[in-house]
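The two complexes that follow have subunit A in common; it is paired with subunit B in the first and with subunit C in the second.
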Partner chain A sequence: MRSAEHVPAAVLDRYATGGAGIGADALWAIEAHLEGCAPCRERLGEAVARRSPETVSLLARVHANLTTEMARSRQMPARRLPRRVARWVPPGLWPRLAMTLLVVAAALGLDLAGSRVLPSLVLLVAPVAPLLGVAAVWSVGLDPAHELVVASPRAGFYMVLRRSLAVLVVVMPALTAAGWLTGASPARWLLPCLAFTAGALALGELIGLRVAAGALALAWTAGVITPSILAARTPLLLEPASLPYWAGLIAVIAVALVLRRDAYTGLRSDTWFVR
Partner chain B sequence: MVRAVSAAETAATTYASAIHAEGLRVRAGRRMAVDGLDLSMDTGVHGLLGPNGAGKTTLVRSIATVLRPAGGTLTVLGEKVNGRIDLRGLRRQIGYLPQEFGFYRRFTVREFIEYISWLKEMPAAETPGAVQRAIERVGLADRADHRMKTLSGGMVRRAGIAQAIVNDPRILLLDEPTAGLDPDQRMQFRALLRQLGTDTCVLVSTHLVEDVAAACTDVVLIDNGRLVFQGVPADLAAAAGEDAGAGDSAAERGYSAILRRHRETASSPETAS
Partner chain C sequence: MVGCRLSGCEGQDGAVTSMDEENLVRRVARGDRGAFDELYRRTSPWLVVRLRRRCADDELVAEVMQETYLAVWRAAAAFAGASVGGSAVGWVWTIAARRLVDALRRRAREAQLPLAVLSATAAPAAEDEVLDAVLGDAMGAALRRLSPDLRQVLQAMVLDGLTVRETAVLLGVPEGTVKTRARRARIALREALS
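So, the complex of A and B:
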C-alpha cells in the first residue's frame, strides 16, 4: 500500500496529544494509514507513553476496572448436551424411546422365560418397534414446540427423516442385542423394520404420522403377531425367503416418499397436520 | 450491540405491502374462522383486535404459513401463500409467537432460543450474538441461563417474544404477547414494539384495547372473520362519537361502538344495502 509514506514523528506526537492543529483531511489520512501500518501504530504507542500522561492513566484505569469486573462476572456456562441432541431428538421423544426399549426388553424377557415352542417375540415385535417413536416425530401432542417447528424454515421432510433416523439409531441396537440373545438374527427383521418405518412416513404424508404409525402397528399385531402366537410358528413374512419382497416394498415406498415429500413442509388445510 | 446489515435487508422491496389479503378464507377445523377478509399491512405496529372467536389466531396462523388458505389470496412479502412457493425463504423472514407458546421445560432460555434459531436456519456464527441481543431486548438477560420451567408466566411470554425476534424478521406475528405481563413489563414491551415497528411489519393480536391505543400505529378490528375497521388509534377513539358505548377509555368506547354498529348492520342486511 502507501507504506513508503509513514506518519512523521512530529505529527504523531501531535496526534497523540489530541490532534490539535491537524486538519480533518490530514486526520483521515493519518488514521487510515494507522489502521494498515503496524510500525506506525507502535510508534504512536510510544508517542502516547511519552507525551500524554492522561491517556496512559486512563488506559491503566480501564485496565484495572476491567480486571475486577471480569473477576466478578459469571463465566458462560459450559455447553450442555441437550442443546445439540435436541436437533435430532426433541425432548418429547425421549419417553417414547424409553417405552420402546421397555417393550423390547419385555419381549426379550418373555422369550428367555418362555418355552421354545412359541416363535421368538423379539422377532415378531422387531418390525413395528420403531413405530412407537416414529409416531411422535411429527405431532403436536408429543412435541410442545411443534407449532414453532412447523412454522420454521427447517420444517419438512428433511426434519421428519432426521428425527426418524434418530429413533432408528436408538431402537436398532436394542433390537440387535435382544435378537442376539434369542437367536432372532437382524437379517430376518432388518428389512421389515425399515419397510414399516418408511411406510409409516409415506402413509403419514396422507393421513398424519401419528395415525399412520398406529394403523400399521395395529395391522401387524392383528394380522401377524396374534396368528403366529396362536399357531405357534414363525410367520412366513419373517422367513428369509420373503426378504426380496420386503426389499422391493422398500423401494416402492421410497419412491412414494420422495414424490410426496412436500407434504411435511406445511401449509396444510387438513387438521391432522397442525392439531 | 450493533449488528452488520446485509445487502438483502436493505434491498428495495418489489411489493406494495408486507401482508396483503383479498377475500381471504381460512378454515379452523370445520369452521370458516376467517371468511372473506380484505386487509393490507406494511411496516409499523398493527394491533389486531376482536372478540373471542373472531378469527384472530386463525388469521395469524395463516400469515405464519402454518394454515393453508381455503380461498381468496394471501400475499406475504410479495409471495402468494396459496400457490407452490418457496416456504423456506419466506419462513426465514417471519417471527412468530403462537398463542399457546410451547417450549422445552428443561432447556435454559438461551438454549431454547438457540434451538429456535437453528430451526430458523440462522448462520451458526451469528447465532450466539443474535440470541444474546434478543434476550437483552426483552429484558431477560439476568435469567438467560435459568431453565425455562423456573420462569414465571410473564417471563415465559418474554422468552417467547425473544425467540420470535431472534432472526430479525421482516414480519413479526405476536399472538397475545401481553398476557401475563405486569404493568411495568407491558410498558417495556410497548417501547420494544415501537422500536421494532420502525422497520418491521408487526402484527400484535390482543384483547387489551389500551395496549393497541398506546403502542400501535394502526388498528385492525375483525369480527366473524371479516374486517370491521382499520385506521389509526385516534380514529378508534373518535369512532365512539356521541353514543356512550361500554368502556372506560375513549378507545374502549370506540371499540365497542364500532362492533355494535357492525353487528347491527350485519344482522339487518336489507338496511345495509
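So, the complex of A and C:
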C-alpha cells in the first residue's frame, strides 16, 4: 500500500522507540507505508539514531559481526544463463552439444590435414551429428530432473520437438561452416541429417529415445562410414541423386512421428532397455 | 577515458547513494560491499524496529538481523535473477520474517518467549487521525475494536505475509487456534464493514 501522505514525525518517533500509544490501525498503516516509502524509512533511521541509542549499538554490533561472517561465507553464484536460453536447453545437454562440436571440429581437422583420397569425413559424420544431443532431449538416464519435467504442463511431444530444434540450431551452423571449408555443401547432407533426427524421434517412440539414437548412429557408422573409408569413396546415399529418396523418407517418418506422438507423455514403464 | 576508469571506484561509490534498493541488491549480487553497506544503512533501522515490535528479546532480534543480512549477501543473486520485478525491501522483510519464525522455533524448545505486547490499549492520538484516512474510517475502527488476540493473528498473516503454521510459531499458539482466530477476525471485520 503506497499512500500520498507520509508518516508524521511524532508518530515516527514513537514507532521507532517501540513505545505503545499507536492505535492498531495506525500501526498497520505505518508499517505498510514504510515498506514502500524510502524517504520515510530514511526519516525512521534518523529517528532511531536520535531517540534509541541501544538500537544504534545493536545495529553496529550486528554490522561488525556481519563483516567477519561475510568474509567467511561465499555468495551464491549468479545465474549463468539468461532464463530465455535455459528454457530451451536442459542443463545436461550442454556437454553433449560441446562434444558434438568437438567431433565436427575433429572431422574437419582430419579433412583438412588428410589427402583428397578419402571421402570428406565432415560429410560422412553430418547426418548423425545431431543424434548425440537428441538422445538427451527426453531420457530418464540423462536428465536428473526428467521425472519432474515429465510432470510439468509443457512436457510432451511439443517439448521434445522444441529441444530437438535447439540441438539443430547449434549443430547446423557448425556443420555448415565445416562443410564450407571442406567443400561438403549443405545440399548433400541437410536432408539426411533431418531424416536421422526425425527418425531417432520416431524410433524413440517405440524403444526409447536414447536407445533409438544410439542404434541409428551405430548403424550409420557400421553400414556407411566404415565401408566408405575402407573403399575410399563417397557413399551413394550421400550423392545428390539419392536426395528425393531422403525427402520421401522424411515425409513417411513425419507421419509416423505425429501418429504416435503420445508416446512422449509420461514416464516409460517398460524399462528393460533404459537405465 | 583512462582517468575515468582509474577513478571508477570513487564514481561507483558516489552512485551507490543515489540508487534505489532494487539496484543495490543487484550490485550486492555482484559482490559489491559498498552497495551492501549502503543497503544496510538504509534498511536496517526500519527492519530492527519492525522486528522488535514482534519480538521483545533483543538478543534474538540481533541474531535474526544478522542471519537476514547474511542471507541477503549470499542470496542476492536469487533476487537479481528473478525475472519478475519486486520490491527489494519486501524481499528483505520476507527473509527476516521467516528467519524470525525459525529462530522462535529453535528457542521454543528451550523456553517460553516473552512476546511484544502489540499496543493493546491505546487511545488514538491526534497524529494518528492523519493516518486513519489511509485505512479508511470503517476499516480502522473495525481493526481498533478487534480483540488483541485476533488482531495479532491478522497482523502476522496479512501484514507480515506468514502462513498459518508460521503464525502459530510466532504467536506461540496451536495451528488450529490460529485458524479459528483468523476466521473469527474475518467475520468480525466483515460485520463491521457491512
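The criterion applied here is as follows: the second predicted complex is superposed on the first by the 187 of 275 C-alpha atoms of A that agree within 3 Å, B and C clash if a C-alpha of one lies under 4 Å from a C-alpha of the other, contacts with A are read in each partner's own complex, and residues count from 1 in each chain.
Going forward, a contact is a pair of C-beta atoms (placed from the backbone, for glycine too) under 8 Å apart; a residue touches a chain by one contact, two chains touch by 3 or more.
It should be emphasised that the depicted structure is a prediction, and the values quoted were computed from it without experimental measurement.
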item: Subunit B versus subunit C as contact partner of A:P91, first or second or both or neither; value: first
item: Touching partner for A:N65 - first (subunit B), second (subunit C), both, neither; value: second
item: Which superposed partner A:T265 touches (first subunit B, second subunit C, both, neither); value: first
item: Residues of subunit A touched, compared between subunit B and subunit C (which is higher); value: C
item: Partner chain in contact with A:E42 - subunit B first, subunit C second, else both or neither; value: second
item: Partner chain in contact with A:E5 - subunit B first, subunit C second, else both or neither; value: second
item: First, second, both or neither for A:S152, with subunit B first and subunit C second; value: first
item: Touched partner set for A:R83, first subunit B, second subunit C, both or neither; value: both
item: Shared subunit A contacts, counted only where both subunit B and subunit C touch the same residue; value: 77, 83
item: Subunit B - residues contacting subunit A, complex; value: 27, 29, 61, 64-68, 70, 81, 84, 87-89, 91-92, 94, 96, 98, 100, 102-108, 111, 114-116, 118-121, 145, 163
item: Residues of subunit A touching subunit B in the complex; value: 77, 80, 82-83, 86-87, 90-91, 143-156, 262, 265-269, 271, 274-275
item: Sites on subunit C touched by subunit A in the complex; value: 20-21, 29-31, 33, 36, 40-46, 48-50, 52-53, 58, 61-62, 65-66, 69-70, 73-78, 80-81, 83, 87, 89-90, 93, 116-119, 121-125, 127-128, 130-135, 139-141, 143-144, 146, 151, 155, 159
item: Residue ranges of subunit A in contact with subunit C within the complex; value: 1, 3, 5, 7-8, 10-11, 15-16, 18, 20-36, 38, 41-42, 44-45, 48-49, 54-55, 58-59, 61-63, 65-66, 69-70, 73-79, 83
